[in-house]
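Below: a set of structures, written as structure tokens.
Both of the next two complexes hold subunit A, though its partner changes from subunit B to subunit C.
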Partner chain A sequence: MMTWARRQRALADYTLAALSRRKGKNIALVAIFSLVVFALSSAMFFAAALRHETTVVLRDAPEIVVQKLIMGRQDLIPGDVVETIAGFRGVTSAKGRLWGYYYDRINGANYTVMVPDDPALIPPVGYVAVGEGVPRARGLAWEGAPLFLSRYEGDLKRFDVDRTFSRDSALMTADLVLMNPQDFRAFFDIPEGLYTDVVATVRNQNEVATIVTKASNASPQMRFVTRADIERTYQKLFDWREGLLVVLAGAGLLAFAIFAAEKASGLSAEEAREIGILKAVGWDTRDVIAMKMWEGGLVSLGAFLIGTVAGFAHVFLFDGVLFAPVLRGWAVIYPDFALAPHIDGVQLMTLALLTVVPYMAATVVPVWRTASGDPDAVMR
Partner chain B sequence: MITLNAVTKLYNEGRPNEFAALQEIDLTLARGAMSVLRGPSGSGKTTLLSILACMARPTSGRVSIDGELVSGLPERFLTELRRTTFGFVFQRFNLVRGLTALENVMLPTVPLGADYGQTRDKAMARLEALGLADKAAMPIEHLSGGEAQRTAIARALINDPPILIADEPTANLDTALAEKFLAILAEERAAGRTVILTSHDPRIWEAEGVDRIVTLRDGRIVEGELAEGVLGEDVA
Partner chain C sequence: MNMPRRRSGPVFVGFGVLGAALLFELYFVAFAGPATRARLDREAGLVADLGLTDIALFTEARYTRHPSLADLNTPFQDHPMAFDHFPSGSIMPVPRLPGEGWLIFQPKERGQ
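Moving on, here comes the complex of A and B:
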């Protein structure tokens, strides 16, 4: 065991010396390799973090959202619908919701304005609670700062910021403005007894589809949107955008694959000669392969580490600044938000399979083919 | 004792440019002797040396070392033989560029897993014995021809092989360096090491300590003679 360890150490030492002999070439190689890993890891981390955000956000969302449609467009829904929905078998509760969007002309941001379901979160009259992106977009201080919003009629309404949200899920809270129902109705001019939509919770998750079918038949003028529908929509949206990015990253991967294939096709005369010398002075084919595995491992794992860390920093520290326009939608471009760091082992394994494994194969296979010959033939 | 029976070596076998480098060679070389293979360029000297050192396999025929057939051995056994039995000094030295003289000398010991400190001391002692102690840390590209050759000799001897093989060792050396090299070979032979050389340099054939000269032409042995006045009989 000691001999094996010493042998590996000696091979690793030799490998380091070999790498340092071709410093320029190897630095360029690691740089290109790192760039490919960076592009792929950024795409994967970004898309996975968005999906994770969506899952976190929708975890506590109501199972069913009921909307009133007129001419195919959503309209305010009367409060008596709440009673109707609550009356369906299997529905445990139904509530009217008040929420909408506010376009902030000052900075071009789009805020989500709503009255929270949880009474504990409802701010006092004249106050708002905001996501962290709102004060940032407005260049304001946090708590206690005034927030002036323009009503439809054009007059300004002053709110004081009661508090801001922590970053459990920046995707959905960054642009959020929570209001008292009284302020909401006054600001958007919504009469008492009307709501934006109605949300319902059910006793048994498995019965959601059945309840929605029955309710749709009973109230054909209403649209019933389930949590699964919303999840699917998000999923497709992110899948499509991730696909765009993967195409871009794929171009880099293709270039890398061409390079790897070229490398796999054979060794340079100098490399082959060196292998011949090593074999002539008593190195076994396995020793040569082990040395090349050290070399490939150091290059590819080094590049993998650099690329992955850079991808992580790009996505989670610098908000994926290079890919954000592709991966985020128009609705969440403003205000800015930061994704909560989230990666898993499967992502890293996939990344390694796409990058490290092909490189190792491209390194070892031609060496094995060359080193299997007699030293004399290899050197010739 | 190294014995070759009907050894033939073909290159590009089965192709239009097939070429017989060696044909039906029968040869026995004794342990502890200094033997020289001579002949014009293309006569098969280097190929014969490669087969003797287990660096190439004959196309047909048998190679035995101390009575043990080695020409049919799997690669890993041949590696072991190369590592423990032979030290090879190539015509162009075949040192690894970018490595220092010391690192080149230590190269054969890398896969052995030997203690680094001990190996380093041993390599330094070899370099010192050949007058290269001050060049140990120098990349081999910066060494002169003679220094590079002595580095190659030190590398060939690092594992204390019983057989030292050198291919055209004086081809790239001036007279003074060639004489120095011959002196080193004579010392090694005197120390009991078997020495096998190829050369078409008369200084080698006539050198003191040469026990046997084998002449090759067109891949065949045309002459196997004693060095005059060295030994009373063919050591083989």
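Moving on, here comes the complex of A and C:
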């Protein structure tokens, strides 16, 4: 055992000496390789944490949302529909909701204006509760600064800020402006008895699909969105194969393929000569291959460790600061949120295997051919 | 006897440090677990109380702010085959919801 360990140590020493002969090239190699791993691991951590947070938080989203569609567009829903929906067997309650969007002409931001479902959270008349992004976008620096909203030229409506949601829930509440129903109807000029949509709760979760089928047969002009639909939308959004990750993963994998192809396409004349000399001074084919395994292992494992450690720090300590400009798009409000640290072990293993194994294989395979040849022929 | 200078020593130490950093990060996830769960529970409670359905990550357009509730035709506002108007649309796939916006004649196609 000791002999084996000493032998491996000596091989590692030799490999490092050989690598340091082409120091610049190898440092650049590890740096670029680390950068690829960094981009991939950051995207992976970010998506896994976002998916985790979204799944956990949206588990209590409304069970069924009913919208009225006219000419393919969502329209206001009359109050009598609420009773119709409440009358379906299996539905325990149905409630009309008021919510919509407000485009702020002052800063170009979009706010989501809502009346909360829970009566306890409804602000008094003349007051609003806002998400953390709203005061930031409006530059309301001091506590208690009122929010002025203008619907058209010459119009200015004052709301006092009753409550500001903290950064802890920014991912869900950043752009919210919560209003009293009375204020909401006055502000958007919505007549009594009309709602944006209807939410329904059911007695038994397993009956949701049946209730929706029956209800949509009874009211074909309505669209029913269930909690499972919401979940599916977000699963798809954060899926590894599409959306957010595909851009980064695609570019990263392409860079990696170029690496591996360059390696596997053959040895440089210098490397072949080195192997010939080693064979000539008495090295075994096995020794040469072990040395190359060390080379591939040190480079790829080093790059994996550097990239992953830095990727984690980027996402969870620096809040994924490099992704913000990409995710922000043209939006004015971007939530200032800290993701809950979450690691998907399977993904981490996949990343490790995807980076370390192919690189080692690409280093060792071409050597096999050269190392098993005659030293004299190889050196020529 | 003079030992030859071993190059592997500092490199192995470097690997040890990186490995320890990775382990520390994994431990950090476990260590922060209870606090994280408490925060997420509070956030989930807020979602239930307010009746929220979507995350406020992309606030630039209706269909990026509320992908699960958006009209199915809104990502193609100009033309059924038009490219997306907003940059976020390239990151966010169009929802494929089995809603009433589709012409589905067989109930089994509804894909529940």
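To be clear about the criterion, the second predicted complex is superposed on the first by the 226 of 380 C-alpha atoms of A that agree within 3 Å, B and C clash if a C-alpha of one lies under 4 Å from a C-alpha of the other, contacts with A are read in each partner's own complex, and residues count from 1 in each chain.
Criterion: a residue touches a chain if its C-beta (ideal position, glycine included) is under 8 Å from a C-beta of that chain, and two chains touch if they have at least 3 such contacts.
Everything quoted here is computed from the prediction, not taken from an experiment.
After overlaying the two complexes on the shared chain, residue contacts for A:174 are found with subunit C alone; subunit B is out of touch. Annotation for subunit A, partner touching more residues between subunit B and subunit C: C.
Judged by the touch definition given at the top, the superposed model places A:305 against subunit C, while subunit B stays out of reach. When the two complexes are overlaid on their common chain A, residue A:374 makes contact with subunit B while staying clear of subunit C. After overlaying the two complexes on the shared chain, residue contacts for A:3 are found with subunit B alone; subunit C is out of touch. Of the two partner chains placed by superposition, only subunit B is touched by A:285; subunit C is not.
Of the two partner chains, both subunit B and subunit C are touched by A:17.
The interface of subunit A with subunit B overlaps its interface with subunit C at residues 9, 13, 17, 20. For subunit A in complex with subunit B, the residues that touch the partner chain are 2-7, 9-11, 13-14, 17-18, 20-22, 273-274, 276-287, 372, 374-377, 379.
Across the complex, subunit A is touched by residues 6-8, 11-12, 14-15, 18-19, 21-22, 25-26, 28-29, 32, 36, 39-40, 42-62, 64-69, 71-73, 86-88, 90-93, 95-101, 107, 110, 112 of subunit C.
The part of subunit A that touches subunit C in the complex is made up of residues 9, 12-13, 16-17, 20, 50, 53-54, 56-62, 65, 67, 69, 72-74, 97, 101, 109-110, 112, 114, 116-118, 120-121, 131, 133, 165, 168-176, 178, 197, 199, 209, 213, 216, 220-225, 228-230, 232-234, 236-237, 242-244, 247, 298, 301-302, 305-306, 308-309, 312-313, 316, 326-327, 329-335, 340-343. The residues of subunit B lying in touch with subunit A in their complex are 47, 50, 53, 55-57, 75-76, 79, 82-84, 88, 90, 94-99, 103, 107-116, 155, 159.
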